[in-house]
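Read through the structures below before going on.
Look at the two complexes coming up: chain A is in both, with chain B in one and chain C in the other.
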Partner chain A sequence: MSEPVVQIQNLSIDYVIGAGRFRAVSGVSFDVPQGHVVGIVGETGCGKSTLAQAIPRLLPEPPATIGEGSVIFRGTDLVQVPLWKMPRIRGTGINMIFQEPLNSLNPAFRIYDQVAEAIHIRRVRERGNLVVDRREKPPFDYSRRPTATSGEALTRSVLPPVAAEKAARHRTDSDGTIRGEVLDYLRLVRINDPETILNLYPHELSGGMRQRVMIAMALSEKPELLIADEPTSALDVTIQAQVLTLMKELIEEVHTSILFISHDLGVIAETADELGVMYAGKLVEFGPVAELFEHPRHPYTKALLGAAPTRYKSEGPLATIAGNVPNLSHPPSGCRFHPRCPIARPRCTVMPGPPLELVAGASEGHRSACYFPEEVASIP
Partner chain B sequence: MTTRSAPGGPSSAGGASPARRAWGGFVVFLRVLRANPLTLVGFLLVVLLAGAALVMLTVPHLLTPYSVNQLTLDYNQAPSWHHPFGTDGTGLDIYAMVLYAIPIDLAIAFAIAGAALFWGGALGLVAGFWDKPGTLGGALSVVILRVTDIFLSFPSLILALAIAVSLGRGVPQLILAVLLTWWPFYVRLVRGETLAVKHLPYVMAARAAGVTEGRIVLRHVLRNVVEPVVVYFTLDIGTVLVTLSTIGFIGLGVNYPFTPEWGSMISYYQSAGLISAYPWTVLGPGLAIFLTVLAFSLLGDGLRDVLDPRSRRVLAGTGTGGASSTSPSEREGATAEPSLNRSGLPEPIPTASRGVSSP
Partner chain C sequence: MGRSLTDFTVFVLKRLLQLIPVLLGITILTFVFTHLSAKNVCNAWFPHADPTTIANCNARVSQPIVNQYWTYLTDLLHGNWGASVQGVAVYPQIAAGVPATLELVLSALFLMIVIGIPLGVIAAQSAGRWGDHLVRIFYLSGWATPTYLGAVLAAVFVAPYFGLPSHGEYATNPPPFPQYTHMSVLDALLAGNLAWTGDAISHLILPAATLAFINMGIATRMTRSSMLEVIPLDYVKSARMKGLSEFWVMYKHALRNSLITTTTVLGLTAGGLLAGTVVIEEVFGWPGVGAFAFTAIGGGGSPPNFDGAIAVVAVFAVGVVVANLIADILYGLLDPRVDWR
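Up next, the complex of A and B:
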């Protein structure tokens, strides 16, 4: 496996609401390898979105606080970085696509202005440290701050082509102006007639087109890590398929790593290389996606796969998992899944619960937080 | 109207220059006026007032043969062709004095409302956006809001009167007195709007894109706050004028007849005790106040439509009923028109079907 873009180590996030305090994410550890798509699945409320927003430090703090753990990006622990420094890491370093495509574009600006702002941010930073490969520089050394005033470049192409920028990894066929590049990225996300789209306001676009504009904005900053937080859940199935296909193609074109959050196993199977399964704030299983689908090593993963509707089974009620998602202010002791688990034993209720460990006999990198991973296959 | 020849947002927009955008906005504004006759009345009155103010500042004798404070030999004359609003006991032509007061009254009203908008708005933006408790911004926010509360807890007119008394008569004193009681309303208004806007997903999306906090405030939040605030500002011009007149009426405003100002005029003639005998002395300034307040109130309602991109595009597309499709350089060109029906009502998502179907 190549060098990871981001390493999440033992990350725990608490919400403090009134006198109550509950742990939405507890002790999650995984890596996102370079150029890979890592999917995270789980039920509603299992902490997927909290995790996604905590990585670029976008969670409102308070009520959220990062209890412990670290997020290593470019050799630095983002948890320790003061919040005011985070804008320099967001965008070109870690970018994010949100669940609500309908509200994630500013209603007051035309599409051009929004995409141009993203491109402008990237250009300013590329000029700021004239090194195309950002890894050659020590992290966060943005001491040579850009001198261009921010407003002018949005309306005109005042930025001269920089030699380093010409050699940038993602070549475009544009004339080097911001406007040309905006058009390039709109074409990249397969928007027809981008010249017209430029002048429209977000409310004039359909949901699928808005989501594609969001993707264009995120990609135009050439982020090292793109976090997609259920990017397709607000879209209908046909548009969903388009956006997913598009994202897969774009991963090839623009080399970026993706952390893909979803509650939809079909979407994950379509997209991801590695898959993490979250339950009640914990990562219960992590491994290559095919391996997880074929040979789940955690009873929850198995139950989740069983509950996914398939087209082969058209009769009878949909399968469900017995019991309810636990209340995170009083999680079950030990393994959090044990009240619903068909193979639970007394040992499962003992604190601190099973750690996420490599499964003996499984393929490389397959980890499971179950004491009895080999018994999962025997669950009917 | 000039919409027929309007280039609107040119087809080369995207990188459109601010001037062309301003022109496009103006075109939309004209369409709003056409769609809404009351706004048109308000707009025409405002233009008339502004024009009159300009004339009175440059070549006043176009509108009145008299100079400011020029006495005539006719005194206590009822309205006539020579003296449309009559004359007072010293022979001042009321019509001339009302005209000379236009630029002064407008300047005072705009100075007060504008300064209140600027300072109150800036404070409200800061207080609304950086309100996290336990931070420097949170502390600042609390200070701003408590000071605002203190000012708001006084009846503003009484406070303005008290300040006016202590400062004495004169235009700068009057502006300061009213301004000191006026800015807190803008703090409250802008803060409330900011609080609502800053939690919207697009603000977080901007943050995720690496936009700095300062830029989020000045670009993303401010632009979405500005719309209700500008409408309030326009309506507020009228309120300021009424307050000015009230202060003038009590006799604390500017020093009439040395400086012409409507409120003070009414006060001056009323205190002479001659209203019943010579009622026309207060008719002119009263009418002027009424029309000015009306003008800005009517205009304010229409401005909301111009500033909201949603209604704006609808108006831009339907306003001319075919005129825009005749112009190839029109923003929508031929593509927009077919998606809009001729009754003037837009289809729910007019542009989604505009030849930009999904791949």
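Up next, the complex of A and C:
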């Protein structure tokens, strides 16, 4: 198996507000493997968005500070990289789709200019001017028309294997101009006549269209890691379904490694390979998505799955998890889930929460932060 | 969408039509005030005018004030802007002064934009830290300086320190070339004389810088506060996520949206800038309408020139209205969401 795109190790993020200080994310560790979609779910306020924005160092520092841990990307620890060097990593290295398509496109610029800017940045870097690791992004000759044959020949002969794969997976039918490529990427996100929207401003598009443009913009930089921070949450349900279908299709077509943040288990179930469940700033369970859905090994995951409404269970009140999300400035002692946990024992209230450990007897890579993972199955 | 050329033209024409009531009101007010300021206007002229002028004046003043205003207005519409006591016509002085004042005000505005706005960006980027405090000290010290004090200090202390001239438009007055536009730098350029252009610029620097320094605070402060509103927004984050450097994120994506509010406020400073010229031009011997206004209201012991005073106030009023119209047009151009209707 190839090296993971990004390795997050024991990452903790604090917010310092006035004299107060609270840990929004504490000791989170997981990898995003090459070409995989990793989902992170959790309730509002569990730190999943903070985690997503901390990876490309997008959090305002202050008030946020990365307390400890590391984010290994391209062999460097992003936590140690000075902020002024981060732009070289953002864009072509790590890209992001935001929650609010209403706000994530600049209202003052036309659609064309915004997408073209992203493509321009990528092209400049591909020419080798700002490439951090030259082996990863070899110069690409844009003066040639990348027709299907010449493009394939190019990927096979000139580029090293990893880059060849990357060039092949993103190859489009553009005529080589930036405008052609903008149109290609807009068509990629199923915008049928992209010419008609090139000169429009974001406010002249619907929410779903804007999110499509946003996705096109992010993909056009051919990022190694794409972070989708609740990309469908702010949309109407019907539009949500459309954008989600699009995302699923694109995941098949583009093969980028994706970190998919959501509070919607259904969305994650349909898209992710691996799933991480966050509770009160901690990753409580991580593993292959099917395994996690069928055999949850943490009581919170079990409760979360039980609370998800399904269309087959339309009668009676919706299941809920008793109690409230803890206040992160005064987290509960011991395991953070113990006040709401049906199988909590005295040790759970006193001992510090257990680390995320491989569960004995579960399938490969399934980790849980519970002292009694084998008892979870017996919770009604 | 109300963003077609027709909508735009209608918008501009409507705004220009608003000039008519504004000008009527402003001339009525200044006419009444100037004529109330002296019990007998003609006596105020007394030592400077010959008996026939005073007799004519008395004949005019004995009329009801409404008739007097009507006479003034019809004269004005026929191109007769009145004259001073000594019989010097107002119109040629205004015509020569407006371009000079425009040159001064536009130069000050230019400095406010190229210095004040980046300072606002720097203050927003370092909000709450020393960069922010330094910028605040800088613009507040300008804001707190009375115009006359700033002008005198600049002329007396700053000018010799930098070896800059502090009086007039050129080293000699008049300069050895024709003044077609009455804008000092432009005239020197039209004459094709680079040495005189440099001389004109060196004469322009101090009055323009003083005027800018005193009025810059508002531009800096507005830029700072609107940048602080824009920076946390998602589109600034998505600009960062494109891989743009912080400079382009700030000066292209964030500032472009902050300028929308700053532009409106810059339009509102037009009144302050024009009012500032009255003192600045007098101190720096700048031959604009500001200096003319100073003498017209009896500054420096000169006899009051009521026709001149009314004309200057009207010209300033037009300046303020037009400046705000331009600001509104720029606002619409900067913000594609604005509807011209």
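Here is the rule we go by: the second predicted complex is superposed on the first by the 336 of 380 C-alpha atoms of A that agree within 3 Å, B and C clash if a C-alpha of one lies under 4 Å from a C-alpha of the other, contacts with A are read in each partner's own complex, and residues count from 1 in each chain.
The rule is short, and it goes like this: contacts are C-beta pairs under 8 Å (C-beta built on N, C-alpha and C of every residue); 3 or more make two chains touch, one makes a residue touch a chain.
The model shown is predicted, which means the values in this text are computed figures rather than measured ones.
Novice: Using the overlay on chain A, decide if chain B and chain C clash or can fit next to each other.
Specialist: clash
Novice: Between chain B (first) and chain C (second), which does A:P56 come into contact with in this model arrangement: first, second, both, or neither?
Specialist: Touch status of A:P56: both partners.
Novice: For chain A, which side has the bigger count of touched residues, chain B or chain C?
Specialist: B
Novice: Can A:P107 be said to touch chain B (first), chain C (second), both, or neither?
Specialist: Both chain B and chain C are touched by A:P107.
Novice: In the superposed arrangement, does A:E221 touch chain B (first), chain C (second), both or neither?
Specialist: It touches chain B and chain C both.
Novice: Quick check for you: in the superposed arrangement, does A:E68 touch first (chain B), second (chain C), both or neither?
Specialist: Neither chain B nor chain C is touched by A:E68.
Novice: Counting only touches as set out at the top, which of chain B and chain C does A:E294 meet: first, second, both, neither?
Specialist: Neither partner.
Novice: So, A:A118: does it touch chain B (first), chain C (second), both, or neither?
Specialist: both
Novice: Scan A:M96 for contacts with chain B and chain C and give back first, second, both or neither.
Specialist: Both partners, chain B and chain C.
Novice: Which listed stretch of chain C (25-33, 61-69, 187-195 or 313-321) steric-clashes with chain B in the superposition?
Specialist: 313-321
Novice: Once the two structures are fitted together, what part of chain A is touched by chain B and by chain C alike?
Specialist: Common to the two interfaces on chain A: residues 56, 58, 84, 87-93, 95-96, 98, 100, 103-109, 117-118, 121, 125, 201, 203, 214, 217-218, 221.
Novice: Show me the residue ranges of chain A that touch chain B in the complex, using the header's touch definition.
Specialist: 56, 58, 62, 84, 87-93, 95-96, 98, 100, 103-110, 112, 117-118, 121, 125, 150, 155-157, 177-179, 182, 190-193, 195-201, 203-206, 208-209, 214, 217-218, 221, 239, 242
Novice: Which residues of chain A touch chain C in their complex?
Specialist: 53, 56, 58, 60, 84, 87-96, 98-100, 103-109, 117-118, 121, 125, 201, 203, 214, 217-218, 221
Novice: What does chain B use to touch chain A in their complex?
Specialist: It is residues 9, 11, 13-18, 132-133, 200-202, 204-213, 215, 219-220, 223-224, 309-310, 313, 331, 335, 349-352, 354-359 of chain B that touch chain A.
Novice: Give the list of chain C residues in touch with chain A in this complex.
Specialist: Those residues of chain C that touch chain A are 232-235, 237-246, 253, 256-257, 260, 334-337.
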